[in-house]
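Okay, so subunit A shows up in both of these, paired with subunit B first and subunit C after.
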Partner chain A sequence: MGKASTDRFTGYFYVTPALLVLVIGFFVPVGIMAFASLSPIKPGEWGMFDNYARFLGQPALLGALWNSLFIAGIVALASVAVGFPLAAAIVFGVPERHQRLVLTLLILPFWTSYVVRSYAWLLVLAPNGVVNQALMSVGLITEPLRLNFSVAATAIGFVHFFSMLATIIIYSGLRQIDKRLLLAAGDLGAGSVRAFVRIVLPLSAPSIAVAAFLALVMCIGDYITPQILGGNTAPVLPQAIMNQLNRSNDVPMAATLAFVLTTVVLFVVTVCVPVYRARVKS
Partner chain B sequence: MSVLKKALSAVVLLVGFAFIYLPVIVLAVFSFHDGRAAVPPFEGPTLRWYAEVLSDPKVGQAALNSIILGLGSSALATVLAFLAAYGLGRYRVAGGEVLKGAILLPMNISYLVIGIGLLILFRNAQLPLGLGAAGLAHVIMTLPLCFAICLTAITPKQVRLEMASRDLGASQFMVLRRVTIGLAWPAIIAAFFLAFTLSWDEFIMTYLLTRFDVTIPITIWSMLRTGLNPATNALGVLVFGFSLILFVMFEIIYFRKSARRTGP
Partner chain C sequence: MKARKFLTGALALGGIAVACATVHGQEINVLAWCDHTDPALLDPFTEQTGIRVNVRDYEGTGAGLALLDQSRPGDWDVWVLDSPAIPEVVALGKLAPLDPADFPLSDIPASVRNEGVHMVDGTWYGIPEKYGYHGFAFDKERVDEADLQSIEDILDPRFEKRVAVYDYYRPIMGMIAASLGIYPGDFDEEDLEKVREYLMNLKPNVSVVADIVTSQTALATGDADVLFGGGEYAIATIIPERPSLDWTIPTAGSVRYEQSIGIIADSEKKDEANQFLQYVLSPEGQARLATSSCFWGLPANTKADLTDEQKAILRWDRQEEYLAKTTSYIAPTGDLAAKAEAVWAEFMQ
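Right, the complex of A and B next:
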């Protein structure tokens, strides 16, 4: 690569400021949290993993973990299921020179803030909001459905956001497929369905995996969307953490839950990334 | 066959656009609603909610706080990220891959976790909460992305130009300023705008770490308690518009310039 090897310390010199800030703002706080999760609520009553035992003993907190995993799983699958057809429609149905514009326009609301986006869905799903009014005017329902403050509302808000992310990721995956492969498949007698299943789907699998993975990881860590759209019907882990902090003022338990959350995310990362790398290589 | 394919993709895209834009359109339409609650049937249009929001001193103060927080944290994150990317991309550093991993690590950790960690740190160290604390959190949040963007701008071609200018007698500082930054500035500016966009929208860490210096996302959050209020719509539309401007600037600077640079 032609890197200079004259001075062994020059590289470190430039990295040091960033590392200092990272240590103060990231590694120390995370370390303090690890310590807090092991510390007793009442001074003196020391037991190494007491807080983790308390966590495992409380159905409400375990339920929050389950809700997090359940919603994140559904959201990851649904986001890919929405994003894939959209990406495919752009790649295979829109003329080359317009593709970038269509894609940019389609994912423009991605840049709305979390809070505004969640509030906007609150409007759409309100008892007298547009969805309920539309359904009633068509005659499908007579009484407005209670859509807000439910797991479904949370999931819709999440899927809206992550399907945009999935669209752009899967789009770049589909773009990399050599179109000549499809022509060759056609010449060899494969119909479009068969060509799709045997060529397009396997070759875009890595991008689908990345999209699902990002949705999963980002979804598990978010507090805003479930708090605004889900309310307290089925609290997820981040909501449980905030409750420990604000209502119970139980910092050790908040730290413990935060560590459970981090462990889940890191588990997903360490399991998914090597699998994905192996797939890409083969 | 091709006509069928075109029709199918048109239908898919139509449904997709409807789903993606439904909340945005409802938000925008009912910001002009002349009534107390932002629900159908639509009455109006009126601009009074925009007038109300724009003349609210609390909103003005929150916007100012958001901008101070965004400018400060993005500038710091961009400078730190560029220096780190230069050090690791340009020089041979033992353990360079580990350091890269360490800089990118905060991306994998929930902002809620980082925020609570910082909250406990500031409480224990008896440091004041406020925009400074939130700024540190925002630097941690944006540093990995800025670093990744800046790293793409440190290329072998640039290394050769640096060597040439050094042979011609330029000092280290002059090489950095004239050659390295001169070549990498689209990435640097893009990193800055991306960082600002993220900071502008960030909620949870700011919420935990500022006590009274509220920002725009927190103002909207507290406005939610008043129910489906058209004033919230108006502020939401303004905030979305501002995010879009930032994003378009990022797009133009990063993609146009890098396209021109790598183009024929």
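Right, the complex of A and C next:
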């Protein structure tokens, strides 16, 4: 056996376990889900694509899909908007020897349960909660604002978590930037704003893209935060899937909705990955 | 030497296997609502009998059926479920027959005992264990009970964004139907349209459609003044912290939830399961179940060992009146169920 064949064999040997996990843990379940979505709830009751026709024919389910996409988009943008300045402040403002400590302190609150944090937001945003009390005490409002059980409350709950994730990812990207480039830009007459726009932002774009992508993909499939903070005022697709399972015991319809959600995420990946690769190359 | 080592190892393994089998034989698996997870309910039973109770909390009959379908025969022993769902699950072969002589049926009020639901072809399949009401839970500091006499009252514009709605279409639609004078067994598509009309009129006043915990939080934090579909189950556990909370049912009547307990048809521990049923339906078991930390409700057994304070919160002295004014909620099946769920999804959007 030549060296090339040996190397190829070694490569396949190392990759095979991961491939097996991917096939068994992802492709097989997705295949089963796709098959279930084509099945009738009772034998002979529906045709093959009737579950999808039912999905397209129910405004409430289409609305749930739109809510998922809308909230995920807002959360991705807001998480990056919060995470980027925080990451930049740590990279460029905190001495290197203290940066890990600062990151650890940043992550510390997230060692608590995700469910508990969502319920905590219910109390913070309540009419008698700290936000309303603060606004009323400084005279900005005379009556409590209705913050809970809304798309805004859901988005706040999500951004609280995903901005931490975005900060860590963007921090990793910003750390890769050679600070001598900024010194050189300064020597050539660029002010801090121009150096930031022409050097820092383009070089950190891949990490920003990854942060936004992860926030969007993880948010779109989340059930807990919309269930607790959203109050079913704008149900999202994961809630619709749970309703099909818990209330209707309609597994084929739940599989249909889950497959739609998976397809949407795969579409986002298909669009985002080539853009990311092109950006990295340039 | 080698033989001795082998024998020692074999004996050790055998001992472990016997111990596991023994431990496995002294436990039962229960599919139930969250009120059955309270250690105050389960621990005394385990101490008395040595049988450990593993409870799996679930929501909705659909979810329960899905769990059973995904399980192997013998995985589950006891099922606590909505009483109106019993005929449906018996038809699916999920429940085992029960011997009525094992249970204090004569201590259960006739309307709760409801042989029409719990018996199929002359055989008992479930025993009622707890019930409660769907009416209005409210904050006395913000709303007067006199302003909550009918479901029409909460359509008033002064309740804009002040009404929380319990997220389960069957009791809510049942409440609306009861107020319209529709008997749950007669509920049809024409009635569903009337219910839909009411729900769309109610929408502007709704602040949240949520489960028990979130609804309780909404009342406690002031995000809602009234919980439509609420009752003692929604507020009794938080009354010590929020004494301003109270509950009532509409004058025209309402619906009640009823939960029953039965033995899973393919359980391999029916004797142990029966012991658990007998404990839950005993006066001490009933008192513990009625005041469970997850949610309170009325014990089916009128001889439950409740304190006077607990009876006051549960409006024990008004049970005869409330039972006369309430019925089970609707339990549509097939097409009607799908249409009811579509109406509910439209209401929530």
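Brief remarks follow.
Just so we're on the same page, the second predicted complex is superposed on the first by the 250 of 282 C-alpha atoms of A that agree within 3 Å, B and C clash if a C-alpha of one lies under 4 Å from a C-alpha of the other, contacts with A are read in each partner's own complex, and residues count from 1 in each chain.
Rule of thumb we're sticking to: a contact is a pair of C-beta atoms (placed from the backbone, for glycine too) under 8 Å apart; a residue touches a chain by one contact, two chains touch by 3 or more.
As the structure is a computational prediction, the values presented were derived from the model and not from experiment.
Residue contacts after overlaying the shared chain place A:155 against neither subunit B nor subunit C.
When the two structures are aligned on the shared chain, A:119 is found in touch with subunit B and with subunit C. In the superposition on chain A, contact of A:212 is made with neither subunit B nor subunit C.
Touched residues of subunit A were counted for both subunit B and subunit C, and B has more of them. In the superposition on chain A, contact is made by A:63 with subunit C only, not with subunit B.
When the two complexes are overlaid on their common chain A, residue A:251 makes contact with subunit B and with subunit C alike. Of the two partner chains, both subunit B and subunit C are touched by A:129. Of the two partner chains, subunit B is the only one that A:28 touches; subunit C does not reach it. Once chain A of one complex is fitted onto chain A of the other, the partner contacts of A:103 are absent, as it touches neither subunit B nor subunit C. Touch criterion met: A:220 reaches subunit B, while subunit C stays clear of it.
Subunit A uses residues 119, 122-123, 126, 128-129, 228, 245, 251 to touch subunit B in one structure and subunit C in the other.
Of all residues in subunit A, those touching subunit C in their complex are 58-61, 63-64, 119, 122-123, 126-129, 144, 146, 148-149, 227-228, 231-235, 240, 243, 245-251.
By the touch rule above, subunit C contacts subunit A in their complex via residues 59-63, 65-66, 161, 167, 169, 207-211, 214, 217-218, 221-223, 337-338, 341-342, 345-346, 348-349. Those residues of subunit B lying in contact with subunit A across their complex are 1, 5-6, 8-10, 12-13, 16-17, 19-24, 26-27, 30, 37-40, 76, 79-81, 83-84, 86-88, 90-94, 96, 99, 102-103, 105-106, 108-114, 116-118, 120-121, 124, 136-137, 139-140, 143, 147, 156, 159-160, 163, 197, 200-201, 203-204, 217, 220-221, 224, 228, 232-233, 236, 239-240, 243-244, 246-247, 251.
Of all the residues in subunit A, the ones that touch subunit B in their complex are 1-5, 7-8, 10-15, 17-19, 21-22, 24-26, 28-30, 32-33, 36, 82, 85-86, 88-90, 92-94, 102, 104-109, 111-117, 119-124, 126, 128-130, 133, 160, 163-164, 167, 192, 217, 220-224, 228, 238, 241-242, 245, 251, 254-255, 258-259, 261-262, 265-266, 269.
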